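Here's the structure we're looking at; comments come further down.
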Amino acid sequence: MLDTSVAIRDIAKKLLDDKRVDLIIGFEKGSVPLRSTPCFVRSTSEADRLIWNVNCENNLAKYLPKIKERVAIVAKGCDVRSTIGLIKEKQITREQVFIIGIPCKGMIDRRKIEAKLDGKEILEAEEEDDTIILKGHNLKETIKKEEFLHNSCKTCTHRNPVIYDVLIGDKVTEDQAVDEYREVKEFEAQSHDERWQSFSDEVSKCIRCYACRNACPFCYCQECFVDSSQPQWIGKTTNLSNTAIFHIVRAFHIAGRCVDCGACDRACPMGIDLRRLTKKMEMDVKDLFHYEAGISLEDVPPMATFNPDDPQEFIMV
Amino acid sequence: MKESEIAKTEVVNLLNTLIKEYKVFAPVEQNGFITFQEIHSGSEAFLDYINSKKPPKEIFFPQSERLFSYDLSRGEGWGVEEPASEKKQKIIFGIRPCDARSLVLLDNVFDGKLYKDPYYTDKRKNTTIIAIGCNQPSNTCFCTSLGGGPFSQEGSDLILVDIGQKYIIQVVTERGKKLAKKHNEFKEAEDNSLSLMRDTKGTAEALIKSKIEVQKVTKKLDSMFDDPFWDLVSEKCLGCAVCTYLCPTCYCFDITDEVTGQRGERVRTWDSCAFPNFTLQASGVNPRPSSKERLRQRIMHKFDYFVANHGMAACVGCGRCIKECPVNLDIQVVLNSILNH
Amino acid sequence: MNNPYLPLPMRVEKIVLETEDKNIKTFSVKFLNDEDAANFNYLPGQFAQLSVLGEGEAPFGIASSPTQPGELQFTVNKAGVLTTALHNLEEGEIIGLRGPLGNCFPIEALESKDTIIIGGGFAFTTLRSLINYILYQENRSRFGNVVVIYGARSPGLLLYRDELEKWEGRTDLDLHLTVDRAEKDWQKKVGVVPNIVKEIAPSPENAYAVVCGPPIMIKFTLPVLKDLGFPPERIVLSLEMKMKCGIGMCGRCNIGNQYVCKDGPIFTLAQLNELPGEY
């Protein structure tokens, strides 16, 4: 990981020196253990702050819409797929963005680690190749990274950036064998009442902070439907009806665009399993339209176009 | 008044006794984190915790609250109905000193000289606060920088100090004194218990490494409104409401009407200065059009404007915003940047 | 419990369409309960929160003067949800009112001084309240000269045209009307309000300037007043912000440490100069 950080800094400095970009968006050290934080670099001295580690969990493509400058983005597999999506949706041009691609074996979920430690606080975390050494009051434990990955990382089939301007590090092997929709299918197999109860229990935790929406690169609408007053689509209270509609409609709005980067899931302070809906959307889009988001710059997202032979069972039953 | 003590094994009994007479709120474990809920049995309370995910402000200032309901006929009998006021006395047991302090802070807003918010004050005056001090503050705690501390008594009626097998009970207010007198679970504190308490407090206070000179921040902020500093600090902010909703001293709210059938309700819901529409006027004018202005508002409100109006910063150093911010925008880092600017 | 969030019931007695674009109406409302009416004491500059139950609530400057008892008036520009709901009301329907809220024009300070009232567009509502207050028989002698400069984009967008005509006939008031864009029958001044203020050049000696208008008008009028010699302590402004509670609690309408609903909406320029430029 140390090498990757140095490589990122070198590339960043070169890009700035060559005046190839005006801004580099990457990560720097966080203020608490097991956190890294987005970093905006505009000078070679600032470039020394850039790092790469197993805590770089945010999707930096979020910051791309509205950027007018030429920008370089430090992007793992999922972030690159989001960038492709944003380019197709004309939120940024391919020429504007310089992709520093990083093959990724997954980011760790600090909440899973905290749950395992049963309340003991982590005061220091040292990352090694495959492990992390955790230290705190009456705490010294070594954990295996692969046991504490984010759920979206566990089912990732695009660890290597699909496109890039420069690739840092060697490509990693893709997991071809993973059944990424296993949890969705298990959920679908439940009865209607079980599914509704389970879904209601999950979204009842929601405090409508909109961290999920704001972390998602594809939620860039000038006015989100939740903020519309004329007409008012949903109420402001946290009753189940309002909250459920928010999550359901958001899932539909990102259908065909979501790359399952997990940013929403990671941002949620209440630990809601947001991927339950988004992963189902992703599966349905694959089944109905044979389309996978963020793989190619050429194909058209299915919700942005139509074909005469699109499935239409809902009309023709 | 002499300190008393109670064995930890007796706490469940104490709570069960209190539950007979009061509505008791205590930290409980739910969905993998701690939240303040009404308990119906002493064994539901979970006291071995750092702090709750959501601040207990929601007991006095719920996220969604009905102000009144009405019928939609727009005729003379418009059927406005206020909710019945809560008569039953409440206890919040196991709150942390930072959160207890936050209530005193919120009183400045909702229990003001000119206007009083009856929804808040009704609940507040019926509630006894029993805090438990923090033996092991978190690495994100900075309460001492804000005039608080792991055993601060501000805002509590009684405060408990964990000395291992027992809690020492310190009485803070008359209300606390009355409550303590009624319960024979409280025994007079032994001498070695008291010295244990002193050691515990010392150890805990030393654990808080963060020391930010907040008064200097306030002074600096006075001249920093137009500084380009805010462009840089706000760049990574997502503009969600995590920091504001989980903050024990944030209190911004929205008022809207929600209609179901022939009845409607005017409701108050939490709102956030981080949201773009917070200050958006119907004409389209928005005095805070980007995350720069909004982050600046949050920091300046907490550490400058609130100080000017109420003599204290609107922050208790609980660290929830630091733990939960999706992009690790750390308020301590911001404050130190202001000091070093 | 004394609940500051609870609106009082009001009957809409009369609705008058003010402007030719049909976007502005003046509502005359009356308290349903005499006790509420007796307790409602206001001064020019203050506002009230009007509710249409089921739609929402919004703040409106009180357009009538307390010297006109039994006649509480609000002038409403149709812009959003609540204002549209108000515009769709019929006479006789019931709305809610919370008030009076906010501070008032500095009446005491204006006494024995000249008052230069400068208004633009539909921000003229509380200025009208102030003018009627000053012109009131029993009050008039306590105030000095009154100069009113009021402009709108076109003649059909001027508010209170019947009243303006009556004021033109008075000798105890110097009224100057102007429009940005003249139309066939318009005989009076043509030009934007800041330019007319420059032209009339009111003297700042022993005088206050009270200014209400859209941000752009204020932006260009303030330098004119400065050049004429009005000190910031004697330039009075009425500000607008998005409001919800109206009582300084919901945290939304602040400029620095001042809340427009509670510490305002009336501020002197001197006070505003101490605050951050976020309005």
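Just so it is clear, A, B and C label the chains in written order, and each chain counts residues from 1 on its own.
In this text, a contact is a pair of C-beta atoms (placed from the backbone, for glycine too) under 8 Å apart; a residue touches a chain by one contact, two chains touch by 3 or more.
Just so you know, these numbers come straight off a predicted model, no measurement behind them.
The greater number of contacting C-beta pairs, out of the two interfaces A-C and A-B, is seen for A-B. Comparing the CA-atom centres of all chains against that of chain C, the greatest distance is found for A. Between chain B and chain C the centroid-to-centroid distance comes to 39 Å (mean Cα coordinates, whole Å).
Here the CA centre of chain A is 50 Å from the CA centre of chain C. Distance between chain A and chain B, defined via averaged C-alpha coordinates, is recorded as 31 Å.
Listed for chain A are no residues, as none touches two or more other chains. Touching of two or more other chains is recorded for residues 80 of chain C. Within chain B, contacts with two or more other chains are made by residues 254, 256, 271.
Only residues 67-68, 70, 72, 74-76, 78, 80, 82, 85, 109-110, 112, 114-119, 122, 225-226, 251-257, 259, 264, 266, 268, 271, 273, 278-283, 285, 287-288, 293, 297, 300-301, 304-306, 308-309 of chain B touch chain C when the two sit together in their complex.
On chain B, the positions that touch chain A within their shared complex are 31-33, 48-50, 53-54, 63-64, 136, 138-140, 232, 235-236, 238-242, 245-246, 254, 256, 258, 267, 269-272, 275-277, 322-324, 326-330, 332-333. Put simply, chain C touches chain B in their complex at residues 1-7, 9, 11, 32, 51-58, 79-80, 83, 93-96, 215, 240-242, 244-245, 247-257, 262, 276-279.
Put simply, chain A touches chain C in their complex at residues 229-230, 232. Residues of chain C that touch chain A in their complex: 80-81, 84.
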